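Reviewing the structure listed below.
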Amino acid sequence: MQYLENGQILENVAVGPDSWRMEIHAPKVVGAAQPGQFVMVSVGHETTDPLLRRPLSIHQAQSDVLTLLYRIVGKGTKLMSIMKKGEEISLLGPLGKGFDVQPTPHHCLVGGGLGVAPLLFLASQIKQRFPDSKLSILLGGRSRDELLVLEDYQQVAPVFLATDDGSQGMHGLVTDLLAKEIDGPATIYSCGPTPMMKGVAALARQRNWPCQVSLETMMACGMGACLGCTVQRAGIAENEEQKYVHVCKDGPVFEAGEIWL
Amino acid sequence: MAVDTSVKIGEWQLANPIMTASGTFGYGEEFTPFVDLSSLGAIVVKGISLNPRPGNPPPRVVETASGMLNAIGLQNVGIERFIAEKMPMIRKLGAQVVVNILGDSLQDYQELAARLDDVEGIAALEVNISCPNVKKGGVAFGTDPSMAAKVAEVVAKESSRPVIIKLSPNVTDITLIARAVEEAGATAVSLINTLIGMAIDIKTGRPKLANIIGGLSGPAIKPVALRMVYQVAAAVKIPVIGVGGITTLEDVIEFMMAGATAVQIGTANFVNPAVSGELVTGLRKYLQENNRKAATELIGSVQEG
Amino acid sequence: MAVDTSVKIGEWQLANPIMTASGTFGYGEEFTPFVDLSSLGAIVVKGISLNPRPGNPPPRVVETASGMLNAIGLQNVGIERFIAEKMPMIRKLGAQVVVNILGDSLQDYQELAARLDDVEGIAALEVNISCPNVKKGGVAFGTDPSMAAKVAEVVAKESSRPVIIKLSPNVTDITLIARAVEEAGATAVSLINTLIGMAIDIKTGRPKLANIIGGLSGPAIKPVALRMVYQVAAAVKIPVIGVGGITTLEDVIEFMMAGATAVQIGTANFVNPAVSGELVTGLRKYLQENNRKAATELIGSVQEG
Amino acid sequence: MQYLENGQILENVAVGPDSWRMEIHAPKVVGAAQPGQFVMVSVGHETTDPLLRRPLSIHQAQSDVLTLLYRIVGKGTKLMSIMKKGEEISLLGPLGKGFDVQPTPHHCLVGGGLGVAPLLFLASQIKQRFPDSKLSILLGGRSRDELLVLEDYQQVAPVFLATDDGSQGMHGLVTDLLAKEIDGPATIYSCGPTPMMKGVAALARQRNWPCQVSLETMMACGMGACLGCTVQRAGIAENEEQKYVHVCKDGPVFEAGEIWL
């Protein structure tokens, strides 16, 4: 079930360079949320510029509180960052198809940049549902500044780090980290920049790891109405008009093999 | 005080003037969590062509100042599967349903109208003539009065239902097209479709849309849409359905005062998926508070000078 | 690194591509506290007609979503007093000055061009053809290729200076008009003039503009302007000057990538009277940071597909 | 001289129903300000909706501090009201032709509704320049709620009040108050709703009081560039194109006889 809910902002704080975390009291959305799903957020102020809602992953959803982790990249996220505690914010969600979590010896979460956002909610839920199976979180970034809210992840599971500049954790890409740290059967849940997910998916194919990736595209509606958020399906579709899938409805999480990364 | 919100398009009576615009409301079902579809005047489903269309490669949408550009490329399942798979679901929605059709040729339009005529659960047809006429080197049907009239004529001939011709705003004089389709037998006209626009990503040096150009919609185009509705309402006798940037109740009133018998809500559905239902309630409240007995009193009531 | 920001319109060399748009920059003097006018590529003064015009009754302007409507009615002092009273002041501004002219008839345009030709301190003429041709029942010159061409022809014949024809966007195919004026001898084309729009005050039930309809400008129309510049640049060989919603440096780059040799800043001057000068500095900085040797490298550099 | 100045907000508080006062540190604008002039204020937030600056009268200008008194009537003023202390606000001004203050036995300021805004600055300056001549302030409103920041006026000169509903001061219109309280030679400075100024101007004509009125129109530029802010000149202009005057440049203050009210 999807809701249009006016949540109340409980906290809106900077957690890194241009990176913010917003906590919102939103019982309806939280009640229905699954890891990997997202919400369309109205950046408000009653103006028509920016016009459209902004898609943001559900970073965490616990006891009526929805948490968003967002980076300021333009007008909309800038307007979000000046919203104050106590203000209302309009949410549409939860939206999309989240991660498909099945029993597996080793749940391995791989995130890069702000792709880390949905992994916290995912990790918490895996730990809850499969307390006995192994759970690892691998995070990468250009530099230590990009490794956000690490403590939150560390509270849930062992965290392995990599930075392009070596300022924290392993010096290199998160894919190298994945190759190094993980062996044996595992399931990969990945999100982040497309090049990174490509690398992760390629490695997973080699090692025969099932791999799910979470995609981002421009979105107008977030709910399957505008058909604006297409990515191309891998292989040949039986019906011409099934050449594309829609990230907001068929995704944002896909089997890596399902789509062209 | 009881107010009459109903309006008529030809013989077809709508409970109120609030409709949704084609391509912005899916097949309706997506909005059932937010709107009681039976409370709307009507919903217009996304454009249907003879054969399935995959649509354009991404990116397909980009935001602009108070608007958005789209180049969806008329993706749809085709008439066959629309009738077989979508219509059964649509009939269950309990809404007045308008089916929007599009084609590459007169024959396309004719066949689509014919195939749909004996399909149950359709209140009216809306004909998108902003499509390139392949035989005429890709000039849009909607930019030439005679081509537009021919489309209206063949569809009206094949269809026993009200035929709404949806006009393109990318023309020098939209009243010429409106008059032409009126004479050709259109029950009503709806306007405007999107203005043609473009955006460039200066970082990559490429157009922001894979299709290079796209359709501009949203509040940005409202003044142009309102002006065209005003001009067309003065030029034809058939009902005019106003479309273009309508977001608030004030917008609805403006379009009706300018001469619109009904309005369609498009891009605003993306911003607030509940907006169409809210406007139905808002309009009734407005009529009561302003001691209007009927929504029809608003139509064309603007006073010049 | 030294960068060359200059561009050429015919024989006329501009220090940079940043111009101001007619009717939005007064006669220049109003902006001297905020902009060093000599640093701009050029300024375009407000439209001048043969006889003085009082303009339209108020209200003349109204804000819309990311835009504004204006119906100033081309108020101006007339050519006589413009030459006698305004030009001496304008010459002192130290700016490259483009004089924008408008008329009701071919004769008007011809006489205006003739009268201005021996006036000192004018760099070029810009011809506003979005005006009704009184002899032709008020159809705008700019909506008909042959009428537009005739205006370009008579002005080019009378003027020894570059002649810029300013195109109206309210047409089905703007490239037809552009090609017609190119053949008729225009040195360059500038586009777009305003889109025709309207707004209604629902409290009074009257149009918000006394003139009922007006010209829509500002960021709202930028996607339409950019698309038309892109189409026209592909259709003609003469330089294209981009106008329409340009506010930021990114906008300037987009228009040049789409094919504009220069750009005009209009409504943005009202929001930030210093913007034109800021864009000159910003453009130089951008070229340096992106290792471009010359502004001309940007012109038409957009890559399709 | 006019300036484009980023002032710093020192205070932004509600002073009545939907009525706010903003104090801004703006030395340049204050340095050049004359009573009756106005500023064009950017309502900011980097959005293009609202697009245009908003004209607001200079309520007070003292020791580098510019004060605005504004009523929330739409988007722009709403956005102004959520601006916080410490934020910057872009000002264009001082603009227009203010009140022409000449020696006279009795300076009489008459304001209605939010037309009171420019009168505080005017009163202070008259008191300063002509300490010996009589100075009276007459304020009217629909009800007591509309009589804003009275103390500020009372500190400068005797204040006479009228309300349509009699909730404070005289029961009636400010024009009645004017007829009742003032006799003998005087100069009238008036601003407020057009009907009110019409009444004031009519009475002034009867009594042979010189009368200046401050007008409001829609404005795009505020500096004489767009020609959008016209009102019609009274009588016949010798030049066709002088049929109209421009409120932002020729005004906002006019001799009552100069224009059609």
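We call the chains A, B, C and D, going by the order they appear; numbering starts again at 1 in every chain.
As a convention for this text, contacts are C-beta pairs under 8 Å (C-beta built on N, C-alpha and C of every residue); 3 or more make two chains touch, one makes a residue touch a chain.
Here the structure is a predicted model, which means the values were calculated and not measured.
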For subunit A and subunit B, which third chains touch each of them? C, D
Go through A-C and C-D and name the pair with more C-beta contacts between its chains. C-D
Indicate the whole-number Å distance between the mean C-alpha point of subunit B and the mean C-alpha point of subunit C. 34
Suppose each chain is reduced to the average of its Cα coordinates; what separation in Å results between subunit A and subunit C? 47
Between subunit D and subunit C, distance of the C-alpha-averaged centres to the nearest whole Å: 36
Distance between subunit A and subunit D based on Cα centroids, please, to the nearest Å. 53
Which parts of subunit D, given as residue numbers and ranges, touch two or more other chains? 48-50
For subunit B, residues contacting two or more additional chains: 65-67, 218-220
So what shape is it, when you link every pair of chains that touch: line, ring, star, complete or other? complete
So in the complex, which bits of subunit C are touching subunit B? 64-67, 69, 143, 170-173, 195-200, 202, 205-207, 212-213, 216, 218-224, 226-227, 230, 245, 250, 253-254, 257-258, 301-305
Using the touch rule from the top, collect the residues of subunit A that touch subunit D in their complex. 45-50, 75, 78-79
Tell me, which parts of subunit D touch subunit B in their complex? 48-49
Spell out the residues on subunit C that touch subunit A in their complex, using ranges where they run on. 65-66, 219
Complex contacts: residues of subunit A adjacent to subunit B: 1-4, 42, 48-53, 90, 92, 217-232, 239-244
